[in-house]
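Right after this note come the structures.
The following pair of complexes shares a single chain, chain A, combined with chain B in the former and chain C in the latter.
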Partner chain A sequence: MRSSTSYNLWLIAPAALMVGLFFLYPLFFSLYSAITTDEGGLTLAHLEKAFELYSNDILFTIIIVLASVVLLAILSISIAALITLSPFRSIVSLLGFIYRIPLFIPFIVTAQMMRTFLAKNGLMNNAFIASGMLTPLETVSFLGWSGIIIVFVWKQLAFCTLLITGAMAALDESQIRAARNLGASRLRILFQIMLPQITPTIGVAMILSTVTIMSVLSVPLMIGTGTPTMIATDMAFRINSYGDYHVANALGLVSYLICAGLAWFYLRQSLKDKGAI
Partner chain B sequence: MRNTMKHQLSLLTLCQSNKIRPSFWIQCVFILLFAFALFGPITNLLIWTVAETWYFPHALPSEWGLNIGTKSLILTVMSQAP
Partner chain C sequence: MLTKTKIIALASIGLTQFSGYVHADTRLNVVSAGGQNMVDYVKTYLAPKFEASHPGVKVNIVGTGPGDAGSHKILEKLSAQKNSGLENWDVDVAVVHQKIGGEMVTDGLLAKYRSDIKTGTLVTRDSAENALGVNVNGYVMPMFHSQTAIAYNSDFIKTPPKSYDELVKWTQDNPKAFGYNGIKNGMSGVSFVTGWIYAYGTEAATLSSTPYNKDIATSWDKAFSELKAFNKNITFTPGNAGTLDMLNRGEIFMGPVWVDMFYSWKDQGKIPPSMKLSLIAPGMPGQPMYYVTPAKAENAQLAREFIEMATSPDVQAEGIVKRFNWYPGIDAQHVQGNLDKATWAKLFAEITPSDLSQYGKSFPIAPYFDDIKEGYERKVSN
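For the complex of A and B:
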């Protein structure tokens, strides 16, 4: 028994070492740097400075993330429901093919595409003008907070839909058939039978998207108007312009705290799925 | 009695067929909008790679060519040269 335990410990040692060395050490080092001075004494000055200078940006980041996640949830559930429940197989196969395309496009390319697409003189407005829906004077630029949300939703939609469609496809089909036989509409099947069962998966998809959105630097830099901007941009600015790692790490700590609650939910859910809890 | 049942059945069939048609068109419109949102930016990027001049509010570039792409390729190669 004891040798078996020792064998198991040796088995997980390489993976644990890698996680410790390349994930936990940098994480704790940046947390330590956020609350200590150069001499090693504890201080909250960096956090105070971060809040003093960037509280608007922190609020802006939270609003952008929340708006993106709400839109993502609505759209990805709609597409996944259409794929799972639609009786028109040709539409489903077409949709099933096209929705995955953004998965293979990097964030920086997406930002560049959207920068020229959503601008006042971009292809979107040009198409509306050519079709007679707008005049050149009525066109509006979407570069700014709305553009940032559009880019995040555009890029993350494929990932969320993939997870949610998988969860919907894994449901017991006999329940859906039984509901149909009893006369339930597709909308009712979606809201009363499918969604309650896949809520954890939707939660996980949204959490992973939140963490991705929080970490992207290229989109607020290329689509945003400068002020207010997202936390990632401020962190890059503190490091590149001032070499101020303490305030950058303090901003990182704020990001960690926002993501930590979500990460706790995700880890708890994944352990629960594996039967560990 | 039989006629009434027949009438009800035909009504039901009509309702069902009516129910399916708008749903089909709604799904088609949804897919068209989705395709525009998805392929619009990608098309935009592809057009810009072969556009020489593109003035607002024209839907397409007024001059097409590969000069800009070639120039940027040459600049990239030159910047990497020792």
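For the complex of A and C:
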């Protein structure tokens, strides 16, 4: 019996080593670096500096993330619902193909694409001008916070929709049919039968999107203009410009906390749903 | 008998193959910081030239990315190799920015090689001796010199501003028509802000030389608050290329750019010919890139020969000035003879040599530079 336990330990050793070496060690090292001086003493100076210089950017990041996630939830649920419930099958299968395209386009390509599309004299505004809907003086540049949100939503929409469509397709068909037989409208089926059953999946999709959005550097660099900007840009700037890993790690700690806050909120919610709290 | 001949024939063919490998096995590792254009310069221009004159040597070029960050990676790699006590470091030639070049000399990572190469005497300018307060005499050869200036659309602006004061006035009359990229999205914006401090904070000469005086930075509050007010009248752009992009699309009419990028874009037709440059008083910073060779480079002699070739007058003329529109790294008079008049005139058409010597400044020494950037973050963008 004992020997089989040690065998099992050996079995997980390579994977555990990988996780420890390439994930846990860097994670704890960066947390450690955020709250210590070069000499190794504990300090809050880095965190203070991070808040002093970048509190606006932290707030900006939270707003961008929340706005993107809310838009993502609304859009991806609508598309998933259309795909699952719509009676027009051929149009829906076309939609099912189109919404997946952003999955295969990297963030940096999306950002570059949107930069030429959303600029003041970019493709979108030029199209409006050519079609007579706007005059050149009325055009507005979307490069800035709105552009950042557009890019994040555009890119993450495919991923979220994929997860949510999958969850919807896995629901028990008989419930939907039963509801329909009793005369429920499609909207009612969506809100009262389907959504309550797939909230965990929606939560997962939103949290994964949040983490992705927090970590993307190329989009705020290419679409955002100056200040305020997102935390990732500030971290890169601290390292590239000052070689200052401490404050960069302090900012990293702040992003962990934001993600952890959302994750906590979600876990609490899902436990509550299961009646644990 | 027949089999024996066959074996011998095969073996000799095999040997020739092998000896070929042995020959090509000398690899000269060139590591370059800076944008893709710098990597391309070494890869497409210098490396084939060097391989042709040195049979059996293969130049292996690695780019580490733009800005001081790219140079910083080279510094980190070399100091790691030094600290681990390696005998041979796997970087033979490095191309680094001015600030990091100075740090490398301070950390004892570089070889003092300038007196070993023939072209060493062709450089007399200050930036080959002094890298933002660090004495680098003998350790570096400038590859090229780069400069920032204000680009403007001459179709709309007949009399461009000649100084920061005039520029401020111009932005008040033409709100949102001037654009720059802040300090987090590329060096042209950093350079503009540095020039602002030279104009309204402390003069360039003080900030570009040691010793560092901590109290100077505290006197910049007024300059920063004026910059904050200035920022309300302008458009922010997304990066060095972003400024040029917006100039091209007519979204802004004026903005700070790198001179070499500006000329390259103009050559490729990516910005209209009506774009012109103006170097405004009291001056904007520029910087050299340095060729350096580490103290324990594996191929020390080859590295010296490589740098000698790269800083020879004809390579500087053809490669640096003509192909890439950079200002030459070695003294200009040595390069002028190797260039046709038109190319020479183009390089100095909009910014005259006298403007350049009068208003082309260095970046400040590292601690002042950090003060400027952090002051901007604290008082302007916060």
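Just a few scattered comments:
In this section, the second predicted complex is superposed on the first by the 260 of 277 C-alpha atoms of A that agree within 3 Å, B and C clash if a C-alpha of one lies under 4 Å from a C-alpha of the other, contacts with A are read in each partner's own complex, and residues count from 1 in each chain.
Please note the rule applied: a contact is a pair of C-beta atoms (placed from the backbone, for glycine too) under 8 Å apart; a residue touches a chain by one contact, two chains touch by 3 or more.
The shown structure was predicted, so the numbers you read here are calculated from the model rather than taken from an experiment.
In the superposed pair of complexes, A:G122 makes contact with chain B and with chain C alike. Contacts of A:W154 after superposition: chain B is touched, whereas chain C is not reached.
Looking at the shared chain after the overlay, A:S270 reaches neither chain B nor chain C.
By the touch criterion stated above, A:S241 is placed in contact with chain C alone, chain B being left untouched. Looking at chain A, you'll find residues 120-122 touch chain B in one structure and chain C in the other.
Contact residues on chain C toward chain A in their complex (touch as defined above): 67-69, 72, 181-185, 235-239, 242, 245-246, 249-251, 370, 373-374, 377-378, 381-382. Within the complex, the chain A residues that touch chain B are 78-79, 82, 86-88, 91, 94-95, 98-99, 101-102, 105, 109-110, 112-114, 116-117, 120-127, 129-130, 136, 139, 154.
Per the touch definition, chain B reaches chain A in the complex via residues 20, 24, 27-28, 30-31, 34-35, 37-45, 47-48, 56-60. Interface residues of chain A facing chain C in the complex, by the touch rule stated above, are 52-56, 115, 119-122, 141, 143, 221-229, 233-234, 237, 239-243.
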